[in-house]
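Quick heads-up: structures coming right below.
Okay, so chain A shows up in both of these, paired with chain B first and chain C after.
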Partner chain A sequence: MLAYIIRRLLLLPFLLLGVTIFVFAIFSLLSPEMRASLYLTDVPKSPDAMQRIIHKYGLDQPIYIQYWQWLNQIIRGDLGWSKTAQRPVFEALLYYLPATVELSLWAMLPVILVGIWLGILSAVHQDKLIDHTMRVFALVGWSLPTFVFGLLMLMYFYAKLQWFPPGQISDWVTREVINGTFIRYTQMYTIDALLNGRLDVFWDSLRHLIMPVITLSYVQWALLLRVTRSSMLETLRQEYVMTARAKGLKESVVINKHAARNAMIPVATMGGLLLIGLLNGVVITETIFNYPGIGRWAADAAIRLDILSVVGFTLFNGVLLVVGNLVVDLLYAFIDPRVRLE
Partner chain B sequence: MKAVWRWGALALSLVLVLGVTSGLAQQVKNPDTYIEAVIGDLETLDPAWHYDTASATAIFNIYETLVFYDGEAIDKFVPMLAESWTVSPDGSTYTFKIRKGVKFHQGGDLTPEDVAYSFQRALLQDRSGGPIHMIIEHVLDVASIDELAKKVGDAQACQQVLNAIRVTGPDTVEIKLASPFGPFLQILAGSWTSIIDKEWAIARGDWDGKCDNWRKWWDPKAEDSKLFDVANGTGPYKLVKWDKGKELILERNDAYWGGLAKRPAIIKNYIRKVVPEWGTRLAMFEAGDADSIDVPRPFVAAMEPLVKAGKARMHGPLPGSVMQSAFINFKVKEGSAYMPKLGGADKPDLLLDLNLRRALNYCFDTATYIKESWLGEAKPINGVIIEGRLGYNPEQKGYEFSLAKCEEELKAAWGGKLWSDGMRLVLTFNQGNIARRFAAEMLERNLEEMNKKRAGRPIFSVDVLDLPWPTYLKAMDAGELAVFWVGWLEDYAHPHNWVHPYMFRTGSFAIGQNFDALKDVEFKPVYATFLEAKKYPTLQDLFDDLVVKAKKEPDQKKGGRAEKIYFELNRLAVEYAINIQNIQLQVRRYEQVWVKGWFYNPAYPGTYVYWLSKG
Partner chain C sequence: MPTWLRHPLFWIYLVLGGLFVFIVFVARYELGLAEEPLFLVSTILVFGVVTAILTAAYRVRKLLRNRLSLIGIIIVLFFSAIAIAAPWLAPPENPREPYRIVRCGYTHMPQPPNGENPLEQIWKVITKQATICEARPFGLIQSYDIYYGIVWGTSMAFFVGLVITGLNVLIGLVIGSIGAYFGRWIDEILMRITDVFLAFPFLVAAITMAAVLQPSLGRGLLTAMIALIFFGWMGYARLIRGDILAIKERDYVYAAQALGVPHHRILMRHIIPNAIYPTLVVGSMDIGSYVLSFAALSFLGLGAEVGFADWGQMISFARDWIPRLSDHWYIVVYPGMAILLFVLGWNLIGDAFRDILDPRLKGAR
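Then we have the complex of A and B:
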């Protein structure tokens, strides 16, 4: 298994190289003027402004030279400057990532627990009221656009009830961070709050997370519920489950010990991909709730043709995808002993 | 997809505003903090680098200029960091007496050296696409410091800057212009001439004040400026933190020298939060967590129920500083992909014909355009100078919408050839601009309507084409577009900032209009009768001459000689139909009812928190 892991990790640099060449090749289709618009969003008010900007940022050089220069920078550990984030790309990744990871982890918990639990519940009670209710619930979740659901949540629970504000943290916590009375160890406020022993900050952070977490996880619940349900149904029809029942085992033992574990094989694959998907797919949720995560930054960068930010984000995604898939494979082997990774 | 999202958001917000807002308590939230929820973040905190309103808003709350606008006035100035000033009789030398007892936020004393350094640094930095060209144009009579350096060498160029702006006494600084420029104080009131602490800047690694290696600091990238994300001004607020992409936090400068109202600011903290999504900003406003928010025009309807219910205050519609215009190119560049045709053959100078240009104006239904595209919140401007500025002439007549007159002019165009042989014309605008699309499509419909007025096959072919913004700018600058829509946001509240882009040879739009194509132009003054009637080689020469004359005219008062020259320029713009009906946009501001003290000065880039209080 170790050899398998090492082999997969060794493939990573080649994959990333290919991805960056691809991104640069796509950007080479854009004219220097088009890419200069990142630095010039209004009518140029001096005659030579456009040309000066193109020259200053090296946009008039052939794309392979730009790529080579960028590659040299990378080797020196410099991913370039993100115009969108107004900071170096690497710093931007580090700055925005913890917020998204925090959001995704909080979202992952209800996704997996609720999604799997409801899926099993639905399968066990097939064609009964609870099953129909769950299926409608899943259908609604799957059909409801995230931005509509998010906005509804925002308008009701924030604008009217003022329970759960948008953003990441309240202004008074920001003050404490600035004044140094609250230390950010992990850049994830809920964890940092516990490390600082500050339940007030923990609660404040949680209040800001509740709406984005629900918005983000509802769609994923629906998806996981359906996958779990169908997998579980298939497993419940297996002969060994019938044998277990025939042996007179309690229904809870049959479900939890014999059926559920095998039904979890496709669910585990799905769960791993879900986490990757959550990290990537938080754009709308982060935008609606003004949550300063990596998704919002990357989307903004792509819209503004901020090539260095886009490439930086792509690299991050590549690593995430490879490592994520590796974890899923390992999980797969753990759940199903028949699987051997070689 | 984006549009669906936006419209969905609008519909939802309308429903929710109507349904959800009842019963909100009107209590003042965060009484000592002013919070704005805005669409975009700043670009920089370097006064000489910034050229966007978001940065300017931050900078003019932190830094100060020599002079400032007198209340709501845009053409009257009061001393700020200059205690007083004098102008030499020939109008080319300004001497400022620098205020004493003023301290920078980090403790340094304001000195005349700081003032001279701030200007010199700005001129030598002169970043591409930045604001400093406005000062360089008048101080050094070139477009950029690089242009001057290429002419006279680096050392000499720097020396010229140091000679033009210098400390002349223990408390005085002198600025020498290359030639008189009446509205120079307008430029000095802009945040790009904010005064910085020389010692602090040098200590941070900025320009060392010497001429031997100024190029090291010339034209930096935003992030390479040593003052990119730090600030040390003399203003009513000081920087606490700029959390890029998230928020800017300022706090009151309790050691403030007093400013315009001879007191420190009332509001203790100013937080400018970046909230790109409209629905979120609206929710923040409703929850009372934002004292004012950016409200794009398509969403103003969502604010109306709040205003009617007494839960929000609306200022406006107020005359804005933006004009939307369609520009006519007298001779399209050879080889252009947007080449006009006359009778099926390429005709680069199709629009050189005055009748055709007039026809375009008569065929343009301005009232419908304003109603549909701008929700009725715009005003037609006959000429190139907006209302409220010197030189705006309310008596100036324009072209009223009339399909009959349009037909008449088309029949006369090119001696009748256009009516018999037809034409092809491409109307262009930048991708995604719905208002400009509406304008172009409306003109297209009305021109093609003319096909019905004549027997035979349709011969008037008008295409509407949207281009990506950078491609559009490039084609515009190269003179490749026949008719193009753009907007202009003024830099400073003076007509020179209008006639220059619209009519001067190197102006941002005139550069793509090729006025030189119209030869032997007779000028007979109507308003500026003190000017000589004469013939100019080209229309561009006439425009250039009048723009420069108006600029140099020392009498810049209402009813004075400069105003009369601007009247002439407006008249000529209409008579030669260089645009298709300009319109001045109006603006609104929405704030919580507890906000006190706000007033409208169109020259302010954003909220000047010093004037505000809550309660």
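Then we have the complex of A and C:
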């Protein structure tokens, strides 16, 4: 177990290095002129200004020297200037991140609880009405594009019923923040509202969150439901489940204590996939609901060809995913004795 | 009577071949559509799909007995029919550019569908009683006809899904099989590269790639497709690698090596044909999800250019009308339905295939 952890931890720096090399490789698909223009804030005054900038930033040097310089820059946290956010890319990431974290936390909770519960339900009642309903739901969920689902939600709950608005928070809360009557400790409105003891703000924030949360999570429900179902079906056919039943244990004990726990082991490997789905989904969801997180920022930047922001965002995603996968694998080894003993 | 004449597949192929030749001739000489290579390529692809599905349904009878996969097959065949019949369902204004959506007027405002029953209006278009702009079965958005976009978007969806999947499987095949066959450091390097590619969320990586490619290639089909191909091959590479690792230990491979057969020949003739099957099946299951990803890129404004018959691009118009979407529901509902049904059809087939092929679920139903 310890050897496994150490081996995985030793691999981490190499993977991170690979991630940076990779992002730089994509970045250097742009011509030197193009990359130089990313550093410009003004129209060049003289004809050779471009050449001077290319020279100044070392864009005419061999590729490995450029990479080395770039790596030094990003290790210092200097990812360049984000034209979309009007601040340095690193600061922009930190600025937009809390909103995304808030959204993701709210989205993950129903995903994990509801998805697993429905999956178990579906497997236990295999080929009954509920199983078929769940399978169809999972298939439709898997096939319906996030952006269509989001727009349909907006169409009904915002444009027609006026229940849930898009955006992050109502204007009156923003005014209170500016006035200083509402203090943002964590930059996450739901938590700040509780810290300030303001239930009206909490409610307002929830009203804004509910549609993005559902949009972000329903694909994941479908995914988790499917995996839990098939894993549970497999477990239910194991001999020890039969033994448990033969012992005369109650069905609920057999399912919850004996089968479900073991069926969860393969589900745990889904952690990485769920993270990927979350990171992908955030871009689309935030764009549709005009929710000011890193996803919307990245999508805006991509359309405006603000490459430095996009590259910074990708780098962030890569690092997050590498670390996230490591955590999932270690957790998996912790849960499953078969991996631990290898 | 020889046995192959009695084989139903023979007649199916014969009919499909005849239909294909007929369509291409009519499109070439009556409608002048052969100027557009995209149309020709996607027609060939759609015919390939129909042939493959009918063959699979004939060989694997379970596909037809399972209700869900039967629905899936019907949906995909329905879309194939739309894609093939596109020149008649929605006659292009300019046969040289059939994938450019017909524009009716120049207002920015969405225009509601004409009449209560869209099918009636579509019938009028097919029977040439009315032009598309007069009939307007699904309404207009920014003066682009939604019906036209959906019909021609179907053949686009086939094109995008099949080409992206095909190229991804091909790249995965090359990298996976080279790594697995030669092993040692070549395998190590290729698999570590795969790991790095896998360190990025698919859509995020594709967005970055599309943004970086845009200055040189411009916004359009090509950019988005390259972006999606670049990041989709890793799963197939790993899959085929695993299968080849198992197969290259077989006796017949050793026999071939002992006889001095060159490496590339062993790979091509003895190993890949025996290992490729699972990868192909997984690839065919992914067609729907690639269409989704492409639509997402288009929706974000990084895919097909404005006015191009692409479902995702058509839905992106709706972003300007969010507060009034309940009046202008048709700009989301019709293209959204098209994407949902198309992807659902592929997923239903894929799901059934998975159940049939998965040995762990044997006896489950």
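Going forward, the second predicted complex is superposed on the first by the 261 of 342 C-alpha atoms of A that agree within 3 Å, B and C clash if a C-alpha of one lies under 4 Å from a C-alpha of the other, contacts with A are read in each partner's own complex, and residues count from 1 in each chain.
By our rule, a residue touches a chain if its C-beta (ideal position, glycine included) is under 8 Å from a C-beta of that chain, and two chains touch if they have at least 3 such contacts.
No experiment lies behind these values; they were computed from the predicted model shown.
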| item | value |
| --- | --- |
| Which superposed partner A:P292 touches (first chain B, second chain C, both, neither) | first |
| Which superposed partner A:T314 touches (first chain B, second chain C, both, neither) | second |
| Which superposed partner A:L2 touches (first chain B, second chain C, both, neither) | neither |
| Contacts of A:A49 with chain B and chain C, given as first, second, both or neither | first |
| Which of chain B and chain C A:K160 touches, first, second, both or neither | both |
| Which superposed partner A:I75 touches (first chain B, second chain C, both, neither) | neither |
| Partner chain(s) touched by A:A302 [first = chain B, second = chain C, both, neither] | second |
| First, second, both or neither for A:V19, with chain B first and chain C second | second |
| Which superposed partner A:L139 touches (first chain B, second chain C, both, neither) | second |
| Common interface residues of chain A - those touching chain B in one complex and chain C in the other | 31, 34, 145, 147-148, 151-152, 154-156, 158-160, 166, 287-288 |
| Contact footprint of chain C on chain A as seen in their complex | 14-15, 18-19, 21-22, 26-27, 29-31, 34, 126-127, 135, 139-140, 142-148, 151-152, 154-156, 158-160, 166, 230, 233-234, 276, 279-280, 283-284, 287-288, 298-299, 301-303, 305, 307, 310-311, 313-314, 317-318, 321-322, 325 |
| Contacting residues of chain A [partner chain B, same complex] | 31, 33-37, 39-50, 52-53, 56-57, 81, 83-87, 145, 147-148, 151-152, 154-156, 158-160, 162, 165-167, 171, 174, 178, 287-290, 292, 296-297, 300 |
| Chain C residues touching chain A - in the complex, by the definition given at the top | 68, 192-193, 195-197, 199-205, 207-216, 288, 292, 295-296, 299-302, 312, 315, 318-319, 322-327, 329, 332-333, 336, 339-340, 343-344, 347-348, 351, 360-361, 364-365 |
| Chain B to chain A touching residues, read off their complex | 5, 8-9, 12-13, 16, 20-21, 24, 30, 33, 35, 41, 43, 51-52, 128-129, 133, 143-144, 146, 219, 221-223, 229, 240-241, 243-247, 249, 271, 273-277, 279-280, 282-284, 286-287, 289, 468-471, 473-474, 477, 486, 488-489, 491, 501, 506, 508-509, 511 |
